[in-house]
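Here the chain labels run A, B, C and D in written order, and each chain numbers its own residues starting at 1.
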């Protein structure tokens, strides 16, 4: 963990920090030489770089004072000291969604930091271990260097009806495959890893509730992204190769994109001081549940991406000369209503946070799930309405090369002219952005990852079901129906669980 | 305004305070002798009485310390000193929705108090008038007595395409019809007045934006509910006469109900010291907009009513022996998801409040509208799902008299038996509660008033449209599409209006 | 079955045919003396009377030539000889929905006739019984007299987790409780019986799949409505007593209403020649499935009722002076789009009918379920939109007595005036009709019975699941994905079940 | 029009018929040498070829007897002689959607044929012209050769607020730019032309209602696809270049795809005998309205494509081991319910067809619009649910090259293994098909073209509005509300327009 590296202060320094690492990354069947200059990978690096730029330009929004170092640090590395800290995460997330129009890939690490912070505290209390102090050291170290952390949680899972230790192949969940006095070696693979190549460290965590037989799977530790034994295989996205075609129009959003890869660990070493759970299987579910609680509310970022898509839809309507039509205005209102619903339910979850035993604040789980559940529906409807406003041209536009062609470019210029004062190229560019966000590369993040990231819809429904307190509500109904005698009002203080937080007056 | 009356401290004192007043109330074509003992009116009085009971039992939730009197007062009379005060209003509203299963009718007065507080402050600044001080006196007076305030805003409006002064009949909007040195006389009518008979004072306010020609309509003042010249005509509700049939089952919710009446003013006097606007027509729209901003978020109460209906639906599923079915559980989850969306968007509007010039806090208008707009849709869907779970019996049940009948009561007992351990009467009672909330008396409040109270859906869409900042969003899209050069990030501080509040880091 | 009674030719003759019968009907705890003149029951009789009036006025729509008697008969008594006959049922149903604005109660009998016709044919084939000939005799007899038939299917069911023979009380399903050489005696109760009092005959049928132990429950027979041993207990509807208040406004639809009662059979006799199933338990499910197939598509009637509600919403918008607003027009379009979806899916099910072995045509079961499933959702949304257009007055209107009152009638006349050319009474009447259809008496039929009649939503989902032919669709996908070799196109003729009907070219 | 060419009988002959034509086609900035062998174009040719294969294999479904030639012809060239003919079109369309999983591009020509058939008849009647006979000759000619016809309707339109003759550039709508005794020359461009390159003839038609000043734009004529003066510019589709990458997995559906191009006409000649409208501007709207009426109902094809997507979703659920979960089954039911709604509303429009003056049958316009309006919503929801069932892997899968790679192929094989009995490649293939249909190449056809083809959603709402007969419905409501006296039932025969068709008993 010793390193002479300086703290990363700017977007440019961040990008440079990714150069010259010995990563083994496969993309389209080839080993990638330089991820920084690869045209398909670079947009995802640019998106992370925005998190550095914003911290510099808007420190109150995107940085915070570390309670561990006393220094101003990037908010993505901050442990939430209050519900306000969680709300500010959401505001930063919305802003970055606006600035990139895509996934900026740094929330998994932030949410992993916060959930592991309180979980290590509680493991130590139960087991007299020392994970929490170790983890605080690691946090301070990453804060000092301003590193990017990738959280690696989702195992490939194999046969979903079997527990980790029951799988035919033990590697289908990441686990300790060897031990030495200095540390452990892990083997396995993590799927759908957002923003891993462009991180500095990976925080490896179990993906689900574990039982005693799964002890070897109850491992949490930090690993440098370029550690020996790791292979990355890059995930394809819709229209990904457009960024390799040379132009800057057909990609739709040439500058920014998301990134998902599969990470394969083959006997990768974690030294003792970077191990934060090792065998305490009973705490796997706490870690996972706290992580998803934070992360489901982190999808407020999509309201920022939604702002871009609403703006794009309003622009194409104007370019088409249709922006004064009532039905167009009404659709923009509906898009806004839906988009703000994501934002409002997310910040409500953050505002209604409570401190854990460790002092770090944890968001309200019910409302975090309500937020994420909307995210599995609303972006699809906003996307549908954006395609409505775009008109059919969004999927029948000729290529950028045709627009640049000396043979037919003038014909396209002539025939794709809309309103006199709008250049044909501008009209095409905004259509390509809408294509990018509803069918193309960033549709992956705006739609499908909104569906499945931080848990698929059914996972939220299960979590909502756990907290819906039907007994309490049935009691209310029975009293009003005259089935049970009205007791003196049950003291609000006695109401527990979710409704206890609702009626907590300490806000 | 002098009165020897003592402060009202309990629900019972409140009910007694309504006796022996000389009100002119018509109901079903008859002059009502005693509103307190009238079986159709009493449930609405009981609902308001709960606001007194809750303040006694849960003072942190339902009362506050007045900045004017230094005393603990009912929260419905409190001027919000912080966003927390607004959030606590929402929590109190949800709790009262749970306890009554209906509209408890006291929010209009609360929201009128708060909006008038800041508006009088700004009128005085513009016109060197003294309304604000007068109004503070009135507030302190009502706080000392713990009075119930009815806000009277919605005029009958006549031909909606004409302004007040253009109407064939000038009385179609309430206006000053005579002046004396001591005060003014007003004439006109207010429709759909929630909780007026069971209030102590009416706060009369204009209903819409006014122009110079409408000066006589720019009148705000306080009037005792039993003032000379007022006639109340009680509005019918679905199934209203069931409360007059003698039993306590078929009403569904025998104890609590809402109340709406038309108030007709015929030359009703307001003394100068109770006039809080008189001719400053330009401030009518500020008053109305601030009122609707508070009030649209006050519909969080419906999440409390929704809790009851979810509880009732879960109970009948259990009584029917169907509570273990997957589709039943899934529908309860959906109801909960929707219900919490109302709550979350409402409290988000309150959390994101900002101080007005007067110091009183005003909720976020965009999110308040998003909350209310959901309220025009979600209760209908929750109601539909509740009817789904109830089964057809909810609309084909024989009457309470039949259950009590010696001829056929035993047949019903025999044949309407569900699970052995559930009494037939309990099954019937919970079905009648569901009927009450989806078709009957409290469906009026849970459904139709959710649609139209504080403005019909289109009013929210107009307000959302005003604040959706398309220019800003188009700029975001154009930068990402490469249409406009990316400027150095626009400072968050420069973002104005709604998104300025979103990105405000002072929380 | 011999009777000197003449055929019923007119609505008036039908009404007279219901007089002077010795029915035992309980309503609001009292034995009803004369159902025809009872103000709460009469509207349901009027609705059935319209089926006679329409047959007289529009014979091609509402009558048919009987293949059994060669005479023109009411279409409700006709056995479908072609898919066109089923489509014409739908058209007649929509028209009657338009004319009554409610449930006209005669479809259950029609659908029972048709499903029993083909089921008795198939029982006879399997068991060498003679039910089919008997049943044809009964059909001809009812056609000759033009009787109204009530189908009695839904048992009260008791504990839903137990089969009929397992219930603690054997009477919780109707069953044979005694046998004589002349016939059988049945005991039990049927719930939610639409249009029974105003019928002439009841056709008693089992309500679900039966097994060998339930043999005594496998009984089908015809019983005169006024047979010894029957007790009717009338179901309450929302706002039902308004029809007993004297006026004709507050009821909303003073002339027409639905009717549901519980029928209790205590040792009621069925002579042998009126028994159409007796112990052939294996055919209970065929009977029930065919009945629901016809009946789920019979809900096309709701598109006729929807026409009325759309008309009422358009009228109140006009009376309010709001009919030119874009959002109003748009909501009327949405209501129409949804309403026509019910109609179109229903007639598609009828058009795609196929003959049974008996020759009678049976509708397409998949599309019948799709139609009904829409009916469990669409009327609620149309109702919500109608309330949106109505404005809040729909639930705050004073009573008819107040409008008639000499004390306050003139005030209401003055203050509820909308557009100059529209009378206040007309405005009130149309609002009361909307209340009637969305909260009041006919909301029972338009909403809740749309939900539960002919099976609750989950019943349709189960039926859709049974027919969705996933194997076939998976094969399509696998071929296109390159998982399985493309075979020569599977001959359309080989496709079975639902898609077999889709691709049948004999139309 | 003379040609020695033989009739095309098989899919292979069709493909060969497209070779060696002198087309000027631009794609990705290059002139295409051979469209048949171009890997990005070929899938669209294969899709059309299926229309030939199906006619051979299922003649009753996909062919008909021509009333003009007496010979069996492809149904796509048939003029509908009955409503059954229109229903059979729908069935054929669904089947081809199942077989190709995409747009098979031949419906525009079919619908253009039918609409022009009756329109030329009515032009001749009004103007004593001879277009109808000419057009019948052309139909017979194409039937004899079994040609593919592309209908060219949608002009590029320029400034949408201006009529054709008002545009700054007259070429923004196709128009007659020169005349000779032998014929006319046309200039302009058609956008979004489905299936043009792979057709033999183009039928050029105006795109909207025209006025006297637009006479030069009122031109209809037939042009060989390879006529002098035509330039085609190929439209890009999401993920289009995957078909050029060499493998057959990542394309998702390697065999079939859609096609849209822009067609630019520069002085293209039409001889007199192939002109079917020339200046009769008043008939442009009839032609457009009849075309959209047929074409909006032609979107029944999407129910066939939906069958594939439902099958793919069911398959991936099975491969993931999740097919037994209740929520999975329930989502498949919902997808089916929605998919059958498209089918049912479409065939209802066809069944309810009526003959035009020419004898050709025209579908019901209201229901055709209801069908298409569902198509602008339902595929998006089915697509969303398919992505839900697919899991996140659908957008994070590595490339086909990685699977084939000797370096990492074995790792993917190991770690992407799901259930033991399912090969990893099969799992990947089905995921790529889902990607193809929800984000990739065929999402263009299944989603965006479902939105905009045959008119965007607002166009359907306008058409529904025109036919919704509010006056009639208001009359129904007023009679039931007691506002107007109930007249003797208006005779069904007197009901006109849409409801006249509904109540027409000649079926």
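Odds and ends about this structure:
Convention: contacts are C-beta pairs under 8 Å (C-beta built on N, C-alpha and C of every residue); 3 or more make two chains touch, one makes a residue touch a chain.
Keep in mind that this is a model prediction, so the values were computed, not measured.
Interface comparison, A-C versus B-C: the pair with the greater number of contacting C-beta pairs is B-C.
Relative to chain A, the chain whose mean Cα position lies farthest away is C.
Centroids built from CA atoms put chain C at 52 Å from chain A. For the pair chain B and chain C, the distance between C-alpha centroids works out to 39 Å.
Under the contact definition stated at the top, the residues of chain D that touch 2 or more other chains are 327, 330, 461.
If you check the complex, the residues on chain B that touch chain A are 53-54, 57-58, 60-61, 84, 87-88, 91, 94-95, 98-101, 248-249, 252-256, 307-312, 314-315, 318, 329-330, 332-333, 336-337, 340-341, 343-345, 347-349, 351-352, 366-367, 370-371, 373-374, 426, 429-430, 432-433, 461, 464-465, 468, 470, 472-478, 480-483, 486, 488-489, 491-492, 502-503, 505, 507. Remark: chain D residues 26-31, 156, 158-161, 168-169, 171-172, 189, 191-192, 231, 233-239, 241-242, 245, 250, 260-262, 264, 320-322, 325, 327, 376-377, 380-381, 384, 387-388, 391-402, 404-405, 407-408, 411-412, 414-420, 435, 439-440, 443-444, 447-449, 451-453, 456-458, 461 touch chain A in the complex. Per the touch definition, chain D reaches chain B in the complex via residues 326-327, 330.
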